[in-house]
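Chain lettering (A, B, C, D and E) follows the sequence in which the chains are written, and residue indices restart at 1 in each chain.
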């Protein structure tokens, strides 16, 4: 598709372990590789606890990765950063958080929250320019200047999430990591946020790492999708590849969990169950099944899945 | 359907569409304003605030305007009953006017408490912030330290310290300071631990806000409620501690007299000259009650946010 | 006669919350009814008064809650006779003894905080069993507890019974909450957003369990959600709420195939269509109004693309669409200009009907 | 309620409130007044004191003086017995006194051996001589011979004190470390024995010792001492019948002055201001006189204390010593020193100002009684009022710190008190001799020194001359204004009218219960 | 759990060592020596210093002290007259302090807890305000004032109880000190229990338990009070410590020959060995209370217990 496009983020064999006790470690993310191109939206899906957030935070370097390599905009940001690289990272990569309530400092006014990035990184900019910037991004996210003096608690969930987006885009980043920006919102409001992200992306060409547990929304926004489970990447491909030809049983079960609005169909819907098994993942390899579509599995397993697939068709 | 059907008829056309950009109306209340509003809604809290202000005014103004001076000895007029010879609260064994002495004593007690608490506030807050924010080994080390410190009974440290140093205001304040901040640091630490995991702190970190700024402009404002409440509750404790020190004979030296030393002096004559102990006790109780109720009210106002 | 089948009738319920900012008019005259063995879904955005309208049913009252008016009639068979009671009139004690757990049970939104952290799972269920069936022996209670745990689809019955809540995942806890709700063999189950805090996979599983149980036990269910996708899975009847009012009600087919209210259109459209992805997701702009303010006209008007001038002046009455289907929008008035539902929605519905017929 | 009533109503028992608890009942170690009271009444010595203040032979039936007064031979009563029935031996005294002298035992009263003039005592106490070189020996079972290095006029008074009580060696050895730790580990030689007490108790009960040689004259069967540290409480306890006798704190006198149970006698302490002669400017007599003149002692007694204290002009307290010739009280024959006079104060101040640059004075006092703070504050205000330009600072410390500072000379002026250990002027005056270690203020006067020497040597057996010399010495001291006496503390008490024969003594054992009867 | 307890004990021991060292050094810095009786000669002093080993370097003194301490020997009182070992003195004075302390803790927690429950059940009613008022007064009034009022009214005016403690009067003479000592605990527990319980009553799990249809009493006892009790445990340790401090004052007010009296007297007499011994004893007491409460908390609250077992 966009094969020749420039690669913005290259994650190679990322590992993120957390020590629990002296002896035990929790392997939240175990050997995950993927690439995000400029201007692309990359969807990351998986159930709760599968390590999505951890991946996001490791990339933006809120954590110190245990292993692997992260290359962002041709800079290796895996370990110690120079001051210059740090500034590049902190301005060019931004994050949107899951909980719209807790991601905004309740004691600060919306205007100040959005302005924070400029205060830190654009020291040469005068107050007035900064303010104008704030008004500008607010408008971009569909809010007017009347919001700058509000406090977060006075806003609805959707509005807060849009403020979160404004805070990220004011830095003109190249990559936004959106960590489940929808899951705390009503469905009616989710659309507001998804549309906004899409529109902003169209206008600015920002790449987005979109994290969610709900495949239906991811489908709308993503160019490519990766499915993670228990810290392993199970399947990855373009949106069409993954949706039209889901290979891995886990992906299939995720797709089957999406509720539709056809009551008669939904009532009869048979949902696929999936039994998790980590050790099995360790013994399997990533195999290309055509196009950019890759799956974690054994050769013969994949054949069986493909057959199943064609049967269902 | 109803009477003014015809009038309504005209309204059945599409309304003008609003712009896509949302506008916010309605009053905006900051945290502080909201807390104040709520606080002033609480009758008990307001009354006690008024009481404290009244007591403070009384304490700081009376010695300047009264015809008597708190330390003027007049043995001929000793042990007068309240009301006699213009002494509203009577006089003590040396003929000193109890009214002005209570005022002076109150101001000394308040001063001691405030100074000690203010220093506690600084130490406790900083300590708690650092311990809570950085976590890990630093936290463990700092926690061990407070743990050790807090297992030494406050009273013991204070008594020993007042003995080691020259008795006086400064040593009492220093002694109270040494232990007072532990509670504050604990509470601040707990708050920081809580706030630290909020996503807006991560947000600030991911933007690259320097640590100092995160601590002071992101975390601190969110712990201020707890800090203020703790501070408010600590003041009566400090006043009480000072009174306790006086009671075991380690109070401010004469001719200074805090409420505590006055109570201690009067205590031994409570039956003979009840007014000598009644008035200081009354003022101590008012201050304690006032601060406690006010702190309660403040906490409620802050918690409701 | 028809009443006999109605297990619950809520009439004109009005609930306020007194707050520092003024009274929140959370429920402004809500009426609905639940039939025996049927699932009624209450749908609407966050803050529109869904919880507020079901809380009085089970006698759960916040200290600042004021019930301004209305009736909640509950009917049940007792020794062959039909008994009828206004749940707003009975004493708390009666409610506790007769209704809670035995007649009406509740499943709360947040499974993480709904269980007593200091009590073993088995015991928490057992308690509910014992209170509903006072004469049961300890052994019998245990047996029932095990059964209930199995009923909600948990395999490791013995282990789970001995565990404490914090040792279980969110999905497991929610199942336990459901098991507790079932312990007293209630007639009516109220589920207040039981899946909102869970992720889609677990949501699907919980829905399956509720559906299965409802069928097995012939339960009446009030199901609260903001997601019409969930409603499609589970409901027989749907009441759509907005700003403290029911603005459209009907059978599931009425609502999903012939929605009349623009708000319902918006809700339906906001559920992503997996099968036919569009460029931009349709959405409802804006936010719900401040419920402390008095609302003039149609509360939805400011967000309504199809708002008429009258919407800002006068509140729309419930227009009858069919015997089972009503909606409160001036668009149904004879004088109103004809308005079609959004084209994309129409197309989606057509396709759905096609699917149904094609099958 | 009723319990207390019946207790106090019963004829042969009495409950007394005391302010300090028993620290030790080992005669050699007992220090606090309560301890001394108990030891004195349970362990009688060679002498005891009658209610008229005169010493009489107690466990000794006879004393023979020889060797020019430097040897005394005591015969122990035949019927003197310990409460366990064994008889009191001469060796019991030898053993006890050697312990008293033993520096390892470190008795707080070991100086009394020296004060009594017993041979080698001072050297032993200082660790320079062996304990068994003490001038005391037992000859047979009942004969005690004591050798003296000097003659001491008030010897009987001294020997009546609790620290000279006998200790039975056999019993002491048997009990070992437990000795005197509880009622069970004690035997008594006096009119009473301890019935109920252990370390840490705040009550101690004494019952009549039936083995006592003079038991028939002991009228009260039981005496209970109850520690009450809060003075107001003890007055209340008297009022509600819990105790039958209580000392009264000064502040309470006003309330109970008119009570029929109220009694006041002078106490044994004189309160005075002590100047440090080594402190710059304070060695100036005019300055000291100015200060002395500026203090109104009458007002202190009548307005500040109001507790029955009386102004003091002499360093020797009233009621301690009488003139052997005239029978008049020593204090009444003493010079009056400096009586309040603002004008004299002013003129001396003007003089002093030219002679010294000192314009400040720090007065040290301790917190053991709230009255001291009041008196200090009063003195401060008086001095500052009468001596214009003088600034007085007050410094309050604990008692221990106060005496520490005094001993190390780290003070300018101390408000302090002193009580005699025995009823003789030298108990006070000897402290002001130039080389006396208790002369903390380093005051020195050669006439004074020679007068005291003469009293101890040349006049030792001439009471009248000795008295005259000491009176003269006292006047020199008072007139120097080095330590202006202020007042003699009162000793107000509440006492049931049914109690007779209870008298408080200013020196030595405070009470002799032997004479108490209840009607 | 075992490992956890072991770890805590090791930490406690280290803490104690530090405390003893710091206190030892601090006391060496205190002004005044224990032997400064006005009537003592230098020679006597020298003998005394040698007797107690006070003429050695401070660290040697500490080492001697520490070594002896390990064998349970805390030296002898410097107070010449007493000549008793510190251990014996503590043993003599502690029982009565312990008795009154325990009585006060029991009275304070039980009554405070009950009052708190009543206040919470009658939340936002007159009774609630009344209880709050009483508890605020309870924490506000210094306990010596409470002691004064109690003895004036109950002992002097009404004559119900003895004015002063006396071992022979037994229990009845401990009543007033117990009450005076417990007021602060009582009031604190009342406040804490009330707010904790109000919170718990508003919690989701109580709503669910209530929706089960179990009886009100079962709901209150089995769920609300149980959870309240668990959180109360966390404030018990500091309160107990507060109470021990308060006992010094109360002992003075009622002439109780307890540890507090011993301690204050020792401080005033510069009796280092006793001060050090009692301080150490207090520290041991505090640390064990904290440890005990911690372990108790672990045992009772499954969240903590299971986490520590894991």
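Rule of thumb we're sticking to: a contact is a pair of C-beta atoms (placed from the backbone, for glycine too) under 8 Å apart; a residue touches a chain by one contact, two chains touch by 3 or more.
Because the structure is a prediction, the values reported are computed rather than measured.
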Neighbouring chains common to chain D and chain E, by label: B
Touching both chain C and chain D (chains): B, E
Chain at maximum distance from chain C, centres defined as averaged CA atoms: D
A-C or C-E - the one linked by more C-beta pairs in contact: A-C
Chain centre separation (chain A, chain B; CA means) in Å: 47
Geometric centre distance via CA averages, chain D-chain B, whole Å: 50
Cα-centroid distance, chain B relative to chain E, in whole angstrom: 25
Numbers and ranges of chain A residues touching at least 2 other chains: 159
Multi-chain contact sites of chain B, meaning residues that touch two or more partners: 20, 22, 26, 163, 249, 267, 270-271
Shared-contact residues (touching 2 or more other chains) in chain D: 230, 236, 398
All chain pairs that touch each other: A-B, A-C, B-C, B-D, B-E, C-E, D-E
Touching residues on chain E, where the partner in the complex is chain B: 11, 15, 18-19, 22-23, 26-27, 29-31, 132, 136-137, 139-142, 144-145, 148, 152, 241, 244-245, 248-249, 252, 264, 267-268, 275, 279, 282-283, 286-287, 290
List of chain E residues in touch with chain D within their complex: 31-34, 36-44, 46-48, 51, 79-84, 88-89, 92-93, 96, 151-152, 155-156, 159-160, 162-169, 252-257, 261-262, 267-270
Chain C residues touching chain E - in the complex, by the definition given at the top: 58, 60, 63, 92-93, 96-97, 99-102, 105-106, 108, 110, 113-120, 124, 127-128, 130-132, 164, 166-167, 177, 180-181, 183-184
Complex contact set, residues of chain A against chain C: 47-48, 156-159, 183, 186-192, 194-195, 198-199, 213-217, 219-220, 243, 253-267, 269, 271, 274
Contact set on chain B toward chain D in their complex: 71-73, 75-76, 78-79, 93-95, 163, 167, 249, 253-255, 264-265, 267-273
